[in-house]
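Which chain is which? They are A, B, C, D and E, in the order written, and residues in each are numbered from 1.
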Amino acid sequence: MDWLTPEAWSAVVLSLRVSLTATLVSLPLGVFVAHALARWSFPGKQVLNGLVHLPLILPPVVTGYLLLLTFGRQGPVGGFLDQCCGIVFAFRWTGAALAAAVMAFPLMVRAIRLSIEAVDPGLEQAAATLGASRLWVFATVTLPMILPGILTGAILAFAKAMGEFGATITFVSNIPGETQTLPSAIYAFLQVPGGEGTAIKLVLVSVAVAMAALLASEVLAARMARRLSGT
Amino acid sequence: MSLEVAVRHRFPGFALDVAFTAPDGVTALFGRSGSGKTSVVNAVAGLLRPDAGRVVARGEALVDTGARLWRAPHRRRIGYVFQEARLFPHLSVRQNLLYGRWFARHGGDGPEFDHVVDLLGLAPLLSRRPATLSGGERQRVSIGRAILSRPRLLLMDEPLAALDEARRAEILPYLERVRDEAGIPILYVSHSVSEVARLATTVIVLDEGRVLRAGAAEDVLSDPFSAASAGIRGVGAVITGRIDTHHSDGLTELSTSSAQIFLPRVAAAVGAEIRVRIEAQDVTLSLTRPEGISALNILPCEITDIRRGEGPGVLVRLRSGADTLLARITQRSAERMGLARGTACHAVIKTVSVAPEDIGRRG
Amino acid sequence: GGVTVFAAASLKDAMDDVADLWAETTDHTAKVALAGSSTLARQIQHGAPVDVFISANTAWMDRLEADGLIVAERRVDLLRNTLVLVGHGHGDDAVDLSDPAALPARLGDGRLAMALVEAVPAGIYGKAALQSLGLWRTLEPRVAQADNVRAALALVSTGEAPLGIVYGTDAAADDSVSVLATFPEDSHPPIVYPAAPLADSTNALADRFVDFLQGPEARSAFERQGFDVTGG
Amino acid sequence: MSLEVAVRHRFPGFALDVAFTAPDGVTALFGRSGSGKTSVVNAVAGLLRPDAGRVVARGEALVDTGARLWRAPHRRRIGYVFQEARLFPHLSVRQNLLYGRWFARHGGDGPEFDHVVDLLGLAPLLSRRPATLSGGERQRVSIGRAILSRPRLLLMDEPLAALDEARRAEILPYLERVRDEAGIPILYVSHSVSEVARLATTVIVLDEGRVLRAGAAEDVLSDPFSAASAGIRGVGAVITGRIDTHHSDGLTELSTSSAQIFLPRVAAAVGAEIRVRIEAQDVTLSLTRPEGISALNILPCEITDIRRGEGPGVLVRLRSGADTLLARITQRSAERMGLARGTACHAVIKTVSVAPEDIGRRG
Amino acid sequence: MDWLTPEAWSAVVLSLRVSLTATLVSLPLGVFVAHALARWSFPGKQVLNGLVHLPLILPPVVTGYLLLLTFGRQGPVGGFLDQCCGIVFAFRWTGAALAAAVMAFPLMVRAIRLSIEAVDPGLEQAAATLGASRLWVFATVTLPMILPGILTGAILAFAKAMGEFGATITFVSNIPGETQTLPSAIYAFLQVPGGEGTAIKLVLVSVAVAMAALLASEVLAARMARRLSGT
């Protein structure tokens, strides 16, 4: 397809990979944190809550910079992960995924938490009387009932990841084929006079992908709702 | 000693302070709306953490605030039929029913799925989801779910309230069998005297969060005062007898301590001991032995007590052999007949006035 | 009254000083809005209420001039800057840019931090310089592009990238990097910051401010930040 | 013509096809669990949009799929007591009760708040929120909420199921007054024969989504077959009488078409016509007029029909003056006494066996 | 307070004003759109849904650019609003609020929609039988029951608005005292050597404000939950 340059295409593919990875990998943690915030009480709960929201509050550039300081190869966590397990984020697509995941995390957690809070505790109690431990109650009652919330959280995270720019470029910069996501490419084209044409093409690709995901999630959610209402 | 309960708990505006011991069999919790029945059941289930108290089931402590002991609900092995069904909306009826099985890895076969489904009439609903069930259907699934979880203790909070009488009549004998065969103690909340009289060995009457009266079902249900305060109209007494013959015309002949009586066919073997509840209002008293009358059961008695009940009636306590009977008649009749303590008379009881749900095997 | 100035973000410190000086000497205020040159230029194209524009490159100023949005005859090349190679930390030897093997060797398998090489002025200049030195082909796969010069510099100062190409002004002010080489002036197009009053501005102060930018007070402010003041 | 219902609707696995006409007064919907009672009520309320059908209330069409007419639920002015309470969790009990008042701008004073609160025993709960109420408390609030909304038509889906008998006995006369004084037609779902017999003018028996039997309460409840299929055990007949005297011993004397009878005090004025439901199992038959017996009411009768009922019993239909009575006795007694169509005998009815909830004013 | 320069203070104040305005003004629309998406079916529903999510998907710069094209003084909507009602967004703080509102809108709508979907339709039916029209049902039953969702939506929007940078600076530029929000100020400080100190101070202010709002919302939410559970 010569409608887009090969470089642009590789940005599209990379963005998809980054967004999907960011969403899927952070989902379990998101569910866990949302559950903790919704149902448990523990010291430091408000600190955790604040931490989760931080990427929403901070300008993306600052988040990116903090990521660089923490997860860069010279950073405490980044250095440790590199040495112990060979996990490197700096200048890798994994770093872009990390940045996207961090930026999307507050949205994901909030959506999931909201659905957890809407689950009738009476049903969880019923499951407990039937012999289900807290973990099983969660897995067999709470989790299936919050699927719409998880779906919402995931789709918000995916969309956010598709559009994330500031933190990503600050953290992993823009290496074509490795860390150049769609938004970085779009940004670059917008910086030069006359670059709007290509930028718009990329924007359209990005929108098309996200809209497809959105539509799919709506269909899925409708099916879930229908199952619950029993028809 | 099957179940010991002693709990104290304060809600804003309501104080629960209840202590009772429930032997094996069915213990009925009676009491007016808001008297604390569900709260007691919740404390046993572990859904209410009492301010202070102790719950011991079959020798095993479930809560003991003094010893800081607390067993989580899922480790109590209880089957709880909630007042409001609480089915899992995301699971089919079949999955709801089997939910407890998942976690019931401990021994014992437990009741058979197919049998419970048949009994509760759930076969056509198995693949449906709770949202589309009718009120009674939901309640039946909830009963099945609790029973199928192979509990060690059944808690039933008005399990039959949403059901029609025919369906109740089908389920009651089954609960009786659960009680007898599986030997599972049952804590049973109900407003229906006949249900309770049939099932319960023990009756606890609650009033405003306290135990008003506790004791053997026979005693409590025969006591017009405790019964009335529990909102019960149908005062009655329970007599016991042994089955002699099953007649071909559908009647079962029974020998009680004072006479032979006839009941609609009882589903128990010859020789079995059964309990029959006879409502005080169904007993007619006659000074002479009446003849040419459709009532088959005429028991010779002696009056041991006469009390004014509520309204224009008096409650007459009778001894008939070793059994106690209660009769509720109008004050007018009592005066006209000159009844007094010690008067000998006949209690006339229609066979058909003993409803099937008032006959139970001795639990 | 006062003037509203759109200035490339890299001029922040200097423009802060200039605005203060302007207020002192004229009793007028100067509001300086700082953003990427492209952002500012586009806003001017869409009717931003602004009196003076200072761009970090000529491309966007040329575009505005072609659109008739600036007073072309009052356009000046206000400042110049240098392009340098920086390294993380201190004590490293200088890099000889005339040796085509020196820079790649020093880089090793590390990354060379630059601003976006197709989009952001510092990156465009850097790419041109590397091309003219015959290093671009070798280094291109190793370049990490940031969305602005400061982000590129941050990659070097945190040590994430061992080397980077930034403006001389940026390098001078960052303690955790050292200048390893300065790119020859002829290796890239002149690094020029053009300034001009805007055609749509009815503010009489606009012209005065452009004059002021070239005056001695502003000149010393710019020089304090390491700029090369060429205009006037 | 108060309410005409004709609806057809298909659920997956269940077809509703029901048509009936309900005159003024209380119309009871009877039927086993899952027979379609709630679905019919929902169609009247506008919560179920039937595939086809017509609902006309007091001459005004609420739905008419033929004419593409659809009146939204909030414009139907109905009071609906749901099977599951459905209280607003964010409102206090008081606010729940007053919710309908907000929208009831149309004329008429409607029932008094304080009175309804007293009657339902809600005074101590007014400032509470539904989450903390007991099952019965919730149901009572729901009843109050519906009544206080000044409806033109009341729909009650097992409104008293969660209540103890004493509480029921308090609420029933009130519902009777709502029926009579406010003249509001009521569609009433219940499993309790005595409730229905007392309140209902008309009974509709549903079975698997179809009308099995419909007619005057007297007729339907006296018919052992329709009643049995609705899951009713307590077959009985309704007789009418006029109040003669209120005696000082708490009895009310009544003249029926054949004899004077005594009932526990009836809350109606001398001269009032009332309906008394007498359960077939409470009637004893005697060939001679028994003497020295505690039963006060002895009505001379003639046997008009004998049918085998369920079990070992026979159902005897009797004419006593202008009234019909039903007696359920054992086949054994019937044979022994030689009962046949045309036999003259006496129906013996204990005064106290007529429960207060079985006495109602003619609605 | 000389801990921050007056210019920085004015950025703080402006950011607060922008974020509060953006949140409060868009809230009614957010509730309306969320309700439409959750409970109605109408043609073009998926288009509306997509539109709402667009700012999440697009790189902020693109959103800002589109806002500039649409709501700029030369844009079709901006021009119309200017002439008809004298409402100007371009290069005004109102424009910053518009940008923040647009960027935060998907978060707000999603949270509210999720809570609307969790409301038991049985309660809404009960209200209808008691005489409440659709509007009244919404106002007296649905709305009070989704307050936790609205709170979540509002706090997400506020936090997002406090951190929004890309779209804002692209749309209304970075004019001190007029359109220079906290993130823009932080950005400016990060552009010059040695500006990190001030930038960090501003970040701290931003975090403090958002955390205070977050904490307040948690307290409020807990109180709501307690009211519903009746204690």
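The criterion applied here is as follows: a contact is a pair of C-beta atoms (placed from the backbone, for glycine too) under 8 Å apart; a residue touches a chain by one contact, two chains touch by 3 or more.
As the structure is a prediction and not an experimental result, all values here were calculated from the model.
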(message) According to the touch definition, list the chains common to the neighbour sets of subunit B and subunit E.
(response) A, D
(message) Using the touch definition from the top, how many steps at minimum link subunit B to subunit C?
(response) 2
(message) Quick check: how many Å separate the C-alpha centres of subunit A and subunit D?
(response) 60
(message) How many angstrom lie between the centres of subunit C and subunit D, each centre taken as the mean Cα position?
(response) 90
(message) So the centre of each chain is just the mean of its C-alpha atoms; given that, what is the distance between subunit A and subunit E in Å?
(response) 20
(request) Could you put a whole-Å number on the gap between the CA centroids of subunit D and subunit E? (result) 56
(request) Give me the residues of subunit B that touch two or more other chains. (result) 84, 128, 132
(message) Quick check: what residues of subunit A touch more than one other chain, meaning two or more?
(response) 61, 65, 165-166, 187, 190, 231
(request) Would you pick out the residues of subunit C that each touch at least 2 other chains? (result) none
(request) Give every touching pair of chains, nothing left out. (result) A-B, A-C, A-E, B-D, C-E, D-E
(request) Can you check the complex and tell me which residues of subunit E touch subunit D? (result) 122-123, 125-134, 136-137, 140-141, 144-145, 227-231
(message) Quick check: in the complex, which residue numbers of subunit C touch subunit E?
(response) 4, 6, 9-10, 12-13, 31-35, 39-40, 42-43, 46-49, 148, 150, 153, 169-170, 172-174
(message) For a test of understanding, state which residues of subunit D touch subunit E in their complex under the given definition.
(response) 45-47, 72-80, 82, 84, 86, 88-91, 99-100, 102-104, 128-132, 145-146, 149, 155
(request) Note which residues of subunit D are touching subunit B in the complex, please. (result) 11, 13, 31-34, 37-38, 83-84, 121, 124, 128, 132-137, 139-140, 157-158, 161-167, 169, 191, 193, 228, 230-234, 247, 249-251, 262, 264-265, 281-282, 284-288, 290-296, 311-313, 327-334, 337, 348, 350-353, 355
(request) Can you check the complex and tell me which residues of subunit A touch subunit E? (result) 46, 49-50, 53-54, 56-62, 65, 106-107, 110-111, 113-115, 117-118, 148-149, 152, 156, 159-160, 162-166, 182-183, 186-187, 190, 199, 203, 206-207, 210-211, 214-215, 218, 225
